[in-house]
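Each structure below is given as C-alpha cells.
Here chain A shows up in two complexes: once beside chain B, once beside chain C.
Take a look at the complex of A and B:
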C-alpha cells in the first residue's frame, strides 16, 4: 500500500517536472518565433501602401528618411537621391477632396485610375492608401523601403514604432538605456548589499539579526509600483536638486531605485551563503591566527563565492527585467543615452508601455517580442558569465 | 498520503481554471482607455445601485489595450478616447465583428506648465514646435530663458494619439520628449520641474500645475480650458470618448449603455469632470 503511494507520488513529481520544463521551453520558443519573424519585414504600417510614380519607385529609402518625409523635414526628392521635384503627400481623405465621389466610385473601384491621373500631373506625389481601397491586381508602383535586418534593428538610433505610415525601429537607444541603468544599479547595490550581508552574518549579534533580517526580507515583498512612486516623489526631485538638472527623471534615478530594490535579494541570498559555511572553516582560520577581518575577506567570502554570485545573478536579473519602477522614474525618452543625468528608456519599460497598444500579430507587436529576445539574450549571457566566474573561484 | 493531496491540489485548481466560464447574461466586461476609466467606474457604480443583479467589470490599460481585447473577445466593451485606426477597422472586418460606436462623453485636453512659468498662452503652432522638438527654450515663446522639458503620455494612450493628430498636425513627437505611464505621473512631474510642459485631461487639473490658454487661429483668440469654453466648443482641444462593442451582443449591453446615455448617467459624466454628450 505504502509502496504504491510512493510510486504514485514519484510519477506525479516527475510529470510536474517534465511539464514545467516543456512549458519553459515553449515560452522561449514562442518568444523567439514572434521575435525573429520581425526581421526581414518592411516597416510600412499594416494594410497600407505608399504609391509613387514609376521613376521614383526605383529609389530605395530607409525608415528614418520616410519618417522625415512625413514629418515634413525632407521636402524634395533630390534630398533622397532622386530627381529634383517637390514631394507632395496625399492620403485617402485628400483623394476624396480632389476627386468627386463618382470619379472614385462608392467603394473606391476607380482609385487606381484616379491615383494614376494624380501621379501623371504631379510626378513627385506620394500617396498613402489603404490596401482595401485598391484593386487587388493594381499595377501602381509602390515606394521601396529598406527591409529590417538584425543589424539595422540593433544599430539604428531612433525608436518611433507608432510613426505613420512608416515605423522606425531602432533598438540601440533602448539597449544602451537598459545596460546603463542596470549596470549602474548593480554598481550601487553590490557594495552595500555585500556589506549588509557580512554585517548580518558575521558582525551583528543575534538580537539585531533576528529583527533586521525579516525586515530586509519584507522589503522584497513591496510591489515595484510602490518603489516607482517613491522614486518619482522622493528620488527624482533629490537627483534634480543635487545635480542642478532641469529634469529629475534620469538614468541615475532609475539606478538608485533599482539598487534599493535589488538590495534585499542580494543581502538575504549572500547572507545565507556566508552563514552556511561550516564552522570548521571559520574556526580553522581563526586558530591559524587570522584576525576576524582577515577571516572574512580571505576565507569566508571566497568560500561563499558561488552563493554570492547567485545573489548577484538574482539582483542583476531583477534590475534588468524590472519594469514598473523604471517606467516611472527614468523619463522614457527614446534618445541615445548621453550620461547618467539624462532620461533613458529601457527595454522592459518599452515592452510594458507599448504592448497594450500594439495590435496582435502586427509589426509593432513583433518588434516588442524581438526586444524581449534581446533582453533574454542579455540575461542569459550575464548569467553564464557570472556562473563561469564563480565556478572558477570555487576552492 | 498528505503529501500527495498537497501535490494534486494545485492541479485541481489548474483544471478548474480551464473550465468553461459561467457566461451569465448580465455580466459585462469593460476594458480600455485610462481617460474613460473614471467615467466608466462612476456610471457602473450608479448602474449597479439600480440593478444589483448585474455584474460589470471595468479595467484600464489604454485605448489600444481595450480595442485589442475587444478584437480577441476578452472584453465586451472597449473604452476608447480615439477613433478606430484604419488597421483596426480592417482587423474587425476580417474577424466578422460589426463594431458599434457610441459617444458617452467629451473630454477637453489642457496644456499645463509649472505654476511659476511666466507663459500664460500659446498658439497651436507654438505647441507643435515645443512637442516636436523644434522649440527648445521658453524664451522663444515669451518665457524666461530656461530649457523646455516636454512630458507626454506613453504611445499606448489615446491621449497621446489625439494630441499628435490634432495639436501636432500628425507630426511625430521629438525624441527628447519624456513619456510617462500615467496622467498622475505627468501631474507629479510637472509640479516638480520648473521648465516642464505637458498635456492632461481637464478633469485632472490640480492647483499644483497651471493651465495655458490655447489659440487655434494663429494668436487672434485665446481660450482658457474650462468647462464653459469646452461646452460651447470655443476651446479647441476636445475629443469624444467612446464605447465600442460588437452589435451581436447589443441586447446584453443595452441596459448599461442606455443608463450611460440617460440624464442620470450624463450627470455622473459631468461629475467626473467630462462634458456630457449633447443631444
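Take a look at the complex of A and C:
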C-alpha cells in the first residue's frame, strides 16, 4: 500500500518536472520563433505597396532612406543613386483627386492602368497604394527595400516602428540605452550593496541586524511601480536640480532607481554568503594576527565570491529586465543615448510602451518579440560571464 | 624546564554560564600538553584563552590572571592583540584553508603582518611547508588551489600556515579528529617533531593520542581542571577517581 503511494507520488513529481521543463523550452522556442521571423521581412507597412517606375525599381534603398523620403528630407532620386528627377509622392487620396471615379472604377479595378499612366507622365513618382486597391496579378513595379537582417536590426541607429509606410527598426539606441542604464545601476548598487552586506554580516551587532535585515528584505517585495513613482517624485527632481537639467527624466535617474531596487537582493544574498562561511575560517585569519578588515577583504570576500556573484547576477537580472520603474523615470526617448544626463529608452520599456499599439502578428509586433530575444540573449550572456568569472575566482 | 604559560584563578563566563572554574596551572615550554575531557567540559574554551579567541564571542567575561612569558595577555593594548596572535598560532578541528593557492595560504600570515619582500616570503613559505612535512608533496603545485589537497594535506597546510609567522606557541583544537588514521599518524609525527621548537597545547578526544604524543596532560570536567600532571602519571597512576574513571572509559 505504502509502496504504491510512494510510486504514485514519484510518478507525479516526475511528470510535473517534465511538464515544467517542456513549458520552459516551449516559451523560449515561441519567443525565438516570433522574434526570428522578423528577420528577413521587408519593413513596409502590411497591406501596402510602394509603386515606382520600372527604371526606379532597379534602385534598392534602406528603411532610413525611405523614411527620409516620406518625411520630405530626400527630394531627388539622385540622392539615392538614381537618375536626377524629383521624387513625387502620391497616395490613394491623391489618385482620387487626379482621376475621376469612373476612370478608377468603383472598386479600383482600373487602378493599375491609372497608376501606369501617372508613372508614364511623372517617372519620378512614388505611389503608396493599398494592396486591396490593386488587382492581384498587377504588373506594376514596386520599390526595392533592403530586407531586415540581424545586423541591420542590431546596428541601425534609428527606431521608428510606427513611421508610415516604411518603419525603421534599428534597435541599437534601445540596446545601448538598456546597457547604459543597467551597467550604471550595477556600478552604483554593487559598492553600496557589498558594503551593506559586510556591515550586516560582520560589523553590526545582533540587535541591529535582527531588525535591519528583515527591513531590507521587505524592500525587495515592494512593487516596481511604487519605486517608479518614488523615482518620479524624488530622484527625477533631484537629478534635475543637481545637474541643472531642463528635464530630470534621464538615464541616470533610471540607474539610481534601479540601483535602489537591486540593493535589497544584493545585500541579502551577499550577506547570506558571507554569514555562512565557517567561523573557523574567520578565526584562522584572526589567529594569524590579521585585522578584522584584512580578514574581510582577503579571506571572507574571496570565500563568498560565488555567493556574491550570484547576488550580482540577480541584481543585473533585475536591472536589465526591469520595466515599469525605468519606463517612468528615463524619459523614453528612443534615440542614441548621448550620456547619463539625457533621456534614453530601454528594451523592456519599449516593449511595454509599444505592445499596445502594435497590431497582433504584424511587423511591429514581431519586432518587439525580436527585442525580447535580444534581452534574453543579454541576460543569458551576463549570467554566463559572471558565473565563469566566479568559478575562476573560487580557487 | 621553564613555565611558558600560566593561569591563576581563571574564571570564564558565557553570559550566566560558568564555563571555566578557578583554573590555576602552569604549562612548560617546548613540551606537548594535552587537554582531555568529555565534550562541553571547557577544554576548547581553555585553549582559546591564550590567543584571546574567546574575545570574539559576545557576552564573555574572564577574571583571573593569564600570562605568557610572565606577561599578562589580558592587560595589553587592543592593538597588541595582533602581536599576541602572531606569537600564538592555532590549528583548528577541521582543515580550513583559505580560498587561495597553496603558496598564498602559507604566505597570508606574512602578508597581513606587513611583510612584502617576495624573496623573504617565498623562503619562509618553503621553510614552513618543510616544517609541516608537506613540501615534498606540494612543491610542484604551489600555484594550485588549496582545496585540491586531501583532508590530511589541508590540515598540514594549516599547520604550515600557522608556523609561517614564527609563533612560539601552537594551540591545536582536535587537529586530527576529522582525518583518517594515516593522516592522523602523520600529524602526530609532526607534533613530535615540532615540540623541539614550539610549546604545544593540544585538545583531544582520543585518549591513546594524548598518551602517545603528550608530555603533560590536564583533565577537565564541567569547567574544572580536575587533574594536571605528567602524562605518564595521569594514565598510570591518577590521583583523582574521576580522572581514573574517565581514562579507563567509564564515562565520557
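FYI, the second predicted complex is superposed on the first by the 394 of 395 C-alpha atoms of A that agree within 3 Å, B and C clash if a C-alpha of one lies under 4 Å from a C-alpha of the other, contacts with A are read in each partner's own complex, and residues count from 1 in each chain.
Rule of thumb we're sticking to: contacts are C-beta pairs under 8 Å (C-beta built on N, C-alpha and C of every residue); 3 or more make two chains touch, one makes a residue touch a chain.
Everything numeric in this text was worked out from a predicted model, so none of it was measured.
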Partners on chain A (chain B, chain C) - clash or fit: fit
A:353 touches, of chain B and chain C: first, second, both or neither? first
Chain B versus chain C, judged by how many residues of chain A each one touches: B
Touching partner for A:305 - first (chain B), second (chain C), both, neither: second
Chain B versus chain C as contact partner of A:206, first or second or both or neither: second
First, second, both or neither for A:232, with chain B first and chain C second: first
Inter-chain angle, chain B to chain C through the CA centre of chain A, in degrees rounded to a multiple of 10: 130
Touching partner for A:332 - first (chain B), second (chain C), both, neither: first
Chain B versus chain C as contact partner of A:4, first or second or both or neither: neither
First (chain B), second (chain C), both or neither touched by A:294: second
Which superposed partner A:280 touches (first chain B, second chain C, both, neither): second
Shortest CA-CA distance in Å separating chain B from chain C in the superposed model: 37
Residues of chain A at both interfaces, chain B in one complex, chain C in the other: none
In the complex with chain A, residue positions of chain C that touch it: 51, 53, 56, 58, 82-83, 85-86, 88-90, 92-94, 96, 98-101, 108-109, 111-113, 145-147, 158, 161-162, 165
Contact footprint of chain B on chain A as seen in their complex: 5, 8-9, 12-13, 16, 45-48, 67, 70-72, 130, 132, 158, 160-164, 232-233, 236-237, 240, 246-249, 324, 327-328, 331-335, 343, 345, 353-360, 362
Chain A-touching residues of chain B, taken from the complex the two chains share: 1, 3-4, 7-8, 61-65, 67-68, 71-72, 86-88, 90-91, 132, 146-147, 149, 154-157, 161, 170-172, 175-181, 185, 188-189, 192-195
Touching residues on chain A, where the partner in the complex is chain C: 205-206, 278, 280-281, 283-291, 294, 298-299, 302-303, 305, 394-395
